[in-house]
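Inspection log for the structure reproduced underneath, given as structure tokens.
Naming follows writing order (A, B and C), and every chain is counted from residue 1.
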Amino acid sequence: MSALDPTVRAVEAVLFASPEPLSIDSIRAHVGVEKGGSDIRTALETLEATYSGRGIALVQRGDRWHFQTAPDLAHLLRRDREEARRLSRAGIETLAIIAYHEPVSRAEIEAIRGVAISKGTLDVLMEAGWVRPAGRREVPGRPLIYATTPAFLQHFGLTSRRDLPGIEDLRAAGLLDPVDLALERLEDEAEASSGAREEQGDSD
Amino acid sequence: MSALDPTVRAVEAVLFASPEPLSIDSIRAHVGVEKGGSDIRTALETLEATYSGRGIALVQRGDRWHFQTAPDLAHLLRRDREEARRLSRAGIETLAIIAYHEPVSRAEIEAIRGVAISKGTLDVLMEAGWVRPAGRREVPGRPLIYATTPAFLQHFGLTSRRDLPGIEDLRAAGLLDPVDLALERLEDEAEASSGAREEQGDSD
Amino acid sequence: MTGEQLTLDLDGWEGPLDLLLSLARSQKVDLRQISILALVEQYLRFIDRAGRMQLELAADYLVMAAWLAYLKSSLLLPRQPDEDPDPEEMALRLQLRLERLAAMREAGARLMARDRLGRDVFPRGAPEGLAVQRKALWQAELYDLIATYGRINARTRPVMHVVADRQVMTLEAALERVSMLVGSRVDWSAIETFLPDGTERLRRSALASSFLAVLELARQGKVELRQAAPFAPLMIRQPA
């Protein structure tokens, strides 16, 4: 860029630093009259031409001027990113209960789990595509019931739900051993507090 | 400006839109790889040159880049006369010691200043975002050590710590060495020169 | 000398080293060439004046004064060979400290004078902002799933408590039994003769509780105890 005209430089800096669009009068109030410089309006025209076709543009809105990023580049300012995230303990417990007991209502999940589940937990499982609503239970209140999806089987490498090991298999594998219950409770507490943080994080 | 290179435009837009300095990696994450465009570093160099002498400048602070107004236009932009909270003398000296000696423990700061630093002094520097704890020194007592932050470089307009005013001269003069080390060196030098004299004496 | 004209407002100094540096500056020479002896004189005169004006001096100023007075005498007196600490070295050390403080003070001033962001140079006033929309790719392993199910089961399965048959004699029972039996004995009897019949496990428990019981009864003066040697039979009788 050639622009070393002092007024042009000054107008450029003032508009850049301003938190809001500026009228010619307020630009002049900042810039004053630079010796040997062009007037404000000429400077604005020069800048408008200078920035034409660039990543940023000088634009006029009503009688105020401001810089903005070029409209055709708006997509760069918002970007999607896929992040691998591990399911929380509440999430995996809920998923396990649905997988073993489907179709199952939320109240039934809570009864089995012994702990209430937050709305977000089922949402996450549905967002992951592993769980779907599967109609309503024909009991008073007609609660929604949930079941697993084909994507669930696929993700966990199962041909069918019958591939899930039964209670006796789990016992044989020592997975029903209550020894680490106390430890687990501690972990739950730790997770509950980090879960709270996560939810905060999710909201931004 | 001629620059219609798509990467240059994109980098320009992303840096303008960002509320904070960006590393090359985060610029790339937004810009992606434009077909036929130059790489990010080249684009940054192009922009740096393009904006040279204008009212806005592209600057590097640590490994991050951002646009800011040209320093010589400060008089147009200073919004209010009074500086936002002046740092105390203790604060300024402590900041300088951390910046020139980092990482440095509290005891080392106190050894240079010859007085204890009040608790508030380090707090103020950390609150300003210029100083951070940087681990512990592996000596008895494992004292915390402090270092400067990227925000420090940004605020003081430093590309890197090598840009600290006069740091090379101070280092060359041994003024960044602890007193004990400096003393040893002086003794060594004195010995070497007296040794040299002795040798001369012998050869007579 | 300029040093004398320094105001005596000690609040203005950040400790003795700061004061020394200001005094050294008044010598108007490179710190590498200052006269430590002259500096010491200046400092001591300063402290002396402060004392005469009855200004309260912080302890560290006085400590420094005492140290400098010692340094001064060491520097003036004929040098003892192998004197430790070496006064020349002490003086040099002081000079090096002053140089370092001065260097950092100057560095701080130069740092503050730079074009500072938000004061001299400004970032964009109204940045559009960059947004990252995160899309979660949820991950979980089959093992986690089944292990978790096992844990839920273990956690919520009804727990049955089985109390094993424990053959014990309580302290209360032992107290009652020993009190009752000791009255019917005429002479010293070994503790074992007070134990009920039963399995070996019951007898061990009964021995322990009966031992505690006889200690308690002895304390109350209701029985007398005798033991000839360690591990010899413990003999019990009613007091005569």
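Please note the rule applied: contacts are C-beta pairs under 8 Å (C-beta built on N, C-alpha and C of every residue); 3 or more make two chains touch, one makes a residue touch a chain.
Here the structure is a predicted model, which means the values were calculated and not measured.
The most distant chain from chain A is C, comparing centres defined as mean Cα coordinates.
Chain centroids computed from C-alpha atoms place B closest to the centre of all protein C-alpha atoms shown.
Chain A and chain C have CA centres that are 44 Å apart.
The distance from the centre of chain A to the centre of chain B, with each centre set as the mean of the Cα atoms, comes to 34 Å. Annotation for chain C: residues 122-124, 128-130 touch two or more other chains. Annotation for chain B: residues touching 2 or more other chains are 14, 16-17, 30, 67, 69-70, 77. Contact residues of chain B toward chain A in the complex are 1, 3-4, 8-14, 16-17, 29-32, 50-51, 53-56, 67, 69-70, 73, 76-77. Put simply, chain A touches chain C in their complex at residues 13, 16-20, 66-69, 77-87, 89, 91-93, 95-97, 99-100, 112-114, 124, 127-128, 130, 155-158, 164-165, 167, 170-171, 173, 175-178, 180-181, 184.
Of all the residues in chain C, the ones that touch chain B in their complex are 14-18, 60, 89, 92-93, 96-97, 99-101, 103-112, 114-124, 127-130.
The part of chain C that touches chain A in the complex is made up of residues 122-126, 128-142, 144-157.
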